[in-house]
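Shared between the two complexes below is chain A, which has chain B as its partner in the first and chain C in the second.
Now for the complex of A and B:
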């Protein structure tokens, strides 16, 4: 299975949300990483065939997805970035409803619903009304609906929003488990969501593709750009505007800094092993959310 | 087509020899055609964009399809809607039974449009509750869901109103046809306006606005001399028919524009983004 994003450009009036975006995906987890407003959601909607791009096309095994109709919907699982629920529905009823909309056979729907509820750890809450669910539980239910039709292409837009650390780990493991025979597209601005599970990280900024590579290669490219050093208050004050500092730990009068820089910083420092969050800071020049 | 005037002056600098050369070059120029393989590849690439010949679909097939979708939706429409609409008519019947002075025509007219207005919340629920994007990614599109709900709620209202009219006409000995026209006119007219408004604002606001206006209008009417009410209730039948046609047309226009926007585009809706 091969999904090709070919010259996608998406314009809204005078704003260009995505510009000339090209990449190719096959089975595995792909992490679309970029800051808020980078164009990730627009791209996810184009990939889910909810938005028609201004220019370009998305090809699944050489077929334009916009011409595939139900054939594409049959193999698509989609979790939008923000969504609501019918609060009076129970989790079970909600999933039965989505199963009906996805065209799942009535005879298999109850079993499938139980299966996905089990996957997202909501089985014991299946008869509870969604209105009484926490934000994390709602998010898990959202993930469950995306999995109902056993999709070959799973598009998850900011799936870990609202999940606590334990739920995030569980989610990461789940994505790793199910990614074997499918394309999983995961959009996020949280590095740790994709650090250990993504086959490739796709960096997106201002609607443009910055680069595509495996996390290992990205880390390799970051070699020699991460430093750890001890600075005095004055040294820190003189450096903080000119250097990207990813971590600050106060140790008495001294400050331990983790610095992202191509060149050795002007304090006593040693080269550090890079992490994906260093890369985020390096490319996006923003604070890292963990 | 209007012919463009050619300005021959721009060729002034070209000599006779140059022109001859140009002619001979043009004579010997051949357009290179792509080879068979390239032509085949282009045709195959474009094949997916050729619209499929639409199967001849009869009204009954479309109706059957919509009915099937509606059957799925019935079980997911909230119980309070069914119960509230039903109770409204039961209350009307009880009032009618115990108060012989109430004008049955007026009662039917007042009650008829209200359940559909309550139903708007159900019809536009997915949009108002933020479920639209998920529904749009499913095989049954958001537009089909909305149309199915509209069919169910419209049908349920017509059935309830008809049963109500039958019972009232048997209790009060009034003209069934006139009674039907008297409820049908405001029902269709207010449904049309409600649909139009719901396309623009949240359905719960539409319901509140329409119900408030309707109750306000009825309240004002009840405080006017009875002759005015009598005049409205005994208008020429063609006026009721006219209002009904207007209401049906309004609803039809709204539904058609909705279908064009949300269903006709390659069979499904596209997400609208306001940036």
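Now for the complex of A and C:
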């Protein structure tokens, strides 16, 4: 299976959200990484057939998805960044509704609904009204509906929002498990969502493709750019506006700094092994959100 | 698709606003029915006197009514002169009898008008036959002539039961149906946008075709359930309060339709009234769905629906009689064929009226139903177009 994003541009009245975006995806997990407002959600909506691009097209096995219609959406699972439910519906009823929307056969729908509720750990709440759910429970229900039709292309936009650390780990493990024979697109600004499971990381900034590479290569490229050093208060104050600092730990009168820089910083420091979050700061000039 | 349709029907019926609206409509209907029934019982025809005149109109009854009317007028003049009271405050029994005698006069007047009209039409048909430049007028005259020929002579009957039975749709019923349709259907598409479920729907296999069909069918079934339930309850309430007397008689015996050319019984007309009202309200409901498909707030389809339905009624009601004569042909047609006008039904059947369609006279009821069907289809086409093309931008 091959999903090609070809010259996708999305323009609104006063803004270009995505510009000339090109990439190719096969089976596996792809992490679309970028800060808020980078254009990730817009791109996800184009892939989910919710937006018509101003220019460009998306091809699935050389067929334009805009002409495939319900045949494309039949193999799609989509978790939007922001979405809602019918508050008066129970979780079970809502998933049965989504199952009908996804064209699941009446005979298998109840079993599939039970299965996905179990996967996201909501089975004991299945008869509760969604209006009474917490934010995390709603997010898990959102993940459940995306998995209902066993999709070949799974698009998850900010999937771990509202999940506690335990649920995040569970979620990552689930994605790893199911990614063998499907395309999983994970759009996020949280590095830890993708750092151990993504086959490739696709970096987006200001609507443009910044780079595509495996996490290992990205980390290899970051070699020699991550430093750990000790600074005094005065040294820290003089450095903080000129250098990207990914971590600050106060140890008495001294401050231990993790600095991202091509050149060695002007304090006593040693080269450190890089992490994906260092790459985020290096490319996006923002601190990683946890 | 049936599963989806069941879900959509459930979503419509589970709206709190609809349940509140239903309760309000039921309470108001109950109150108005009891008020009407009390008024019917209070307004007592002098039963014995009415029995003398009730039934087929004869020369003896006409004479009895004429003489009776003269006596009442004589008493009124005498008492007005001597007591200084006005005529209308004087004698309730005389007022009741005046109503009965007026009914005789109206019925006699209708019969005379009908006979005169038949004669007129026969002459027109003779003159117009064979002339190629007046085909519409010829066809129209022939149609009216054939319809009037078939009508039986009207008689004198108590209109109380029919007043309530047939008066409901044209009085308050056409508003009740519209309110329930607005409450049920304004939100059908709008809810998906406001709850942000639209992004789950539109990215699913059935999200751009089957779901639209399901929503439309669910809306049709909803409207049908509302209309049928109201019709059956209203019929049963009327049977319980007023009985079933005279339902087999022609509608020309009911004062509102005394000039109607349609050869149809009271009970048959009730069925026709319900059907035409249902078609009009359904077409209106589909219009509301269409507006809902492009609105992110439920206020827009609801408010626009109220305006589109009630504003023409208000304009029609408030237009001074003098201004009516200024109406262009298009305005006259609009006046008869707006949603609420057709839903009231009466204007379509109370007189002989036709539209000229390519030289053929089309009776107003058929034209009205055709217009409602065409508008309904256009609304459906619009709904498919707008929802399929909807993009999630926020």
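Definition applied: the second predicted complex is superposed on the first by the 290 of 290 C-alpha atoms of A that agree within 3 Å, B and C clash if a C-alpha of one lies under 4 Å from a C-alpha of the other, contacts with A are read in each partner's own complex, and residues count from 1 in each chain.
The rule is simple: a residue touches a chain if its C-beta (ideal position, glycine included) is under 8 Å from a C-beta of that chain, and two chains touch if they have at least 3 such contacts.
Computed from a prediction, not measured in an experiment: that's the story for all the values here.
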With the two structures overlaid on chain A, would chain B and chain C clash, or do they fit side by side? clash
Now for A:279: first (chain B), second (chain C), both, or neither, which partner does it touch? neither
In this superposition, the partner of chain A with more touched residues, chain B or chain C, is B
State whether A:76 touches chain B only (first), chain C only (second), both chains, or neither. both
Give one of first, second, both or neither to describe whether A:15 is in contact with chain B, with chain C, with both, or with none. first
Going by the contact rule set out at the top, does A:194 touch chain B (first), chain C (second), both, or neither? neither
If we overlay the two complexes on their shared chain A, which of chain B and chain C does A:209 touch? Say first, second, both or neither. neither
Could you look at A:101 and tell me whether it touches chain B, chain C, both or neither (first, second, both, neither)? both
Per the definitions at the top, what is the overlap between the chain A residues touching chain B and those touching chain C? 12, 45, 48-52, 69-70, 73-74, 76, 78, 80, 82-86, 88, 97-98, 100-103, 145
Taking the touch rule as given, give the residues of chain A at its contact with chain C in the complex, in rising order. 12, 45, 48-52, 69-70, 73-74, 76, 78, 80, 82-86, 88, 96-98, 100-103, 106, 145, 149
Show me the residue ranges of chain C that touch chain A in the complex, using the header's touch definition. 3-4, 7, 11, 14, 191, 195-197, 199-211, 391-393
In their shared complex, at which residues does chain A touch chain B? 12-13, 15, 17, 42, 45, 48-52, 63-64, 66-67, 69-70, 73-74, 76, 78-80, 82-89, 93, 97-98, 100-103, 142, 145
In the complex, chain B touches chain A at residues 48-49, 72, 76, 78, 125, 129-131, 133-140, 145, 266-268, 270-271, 273, 275
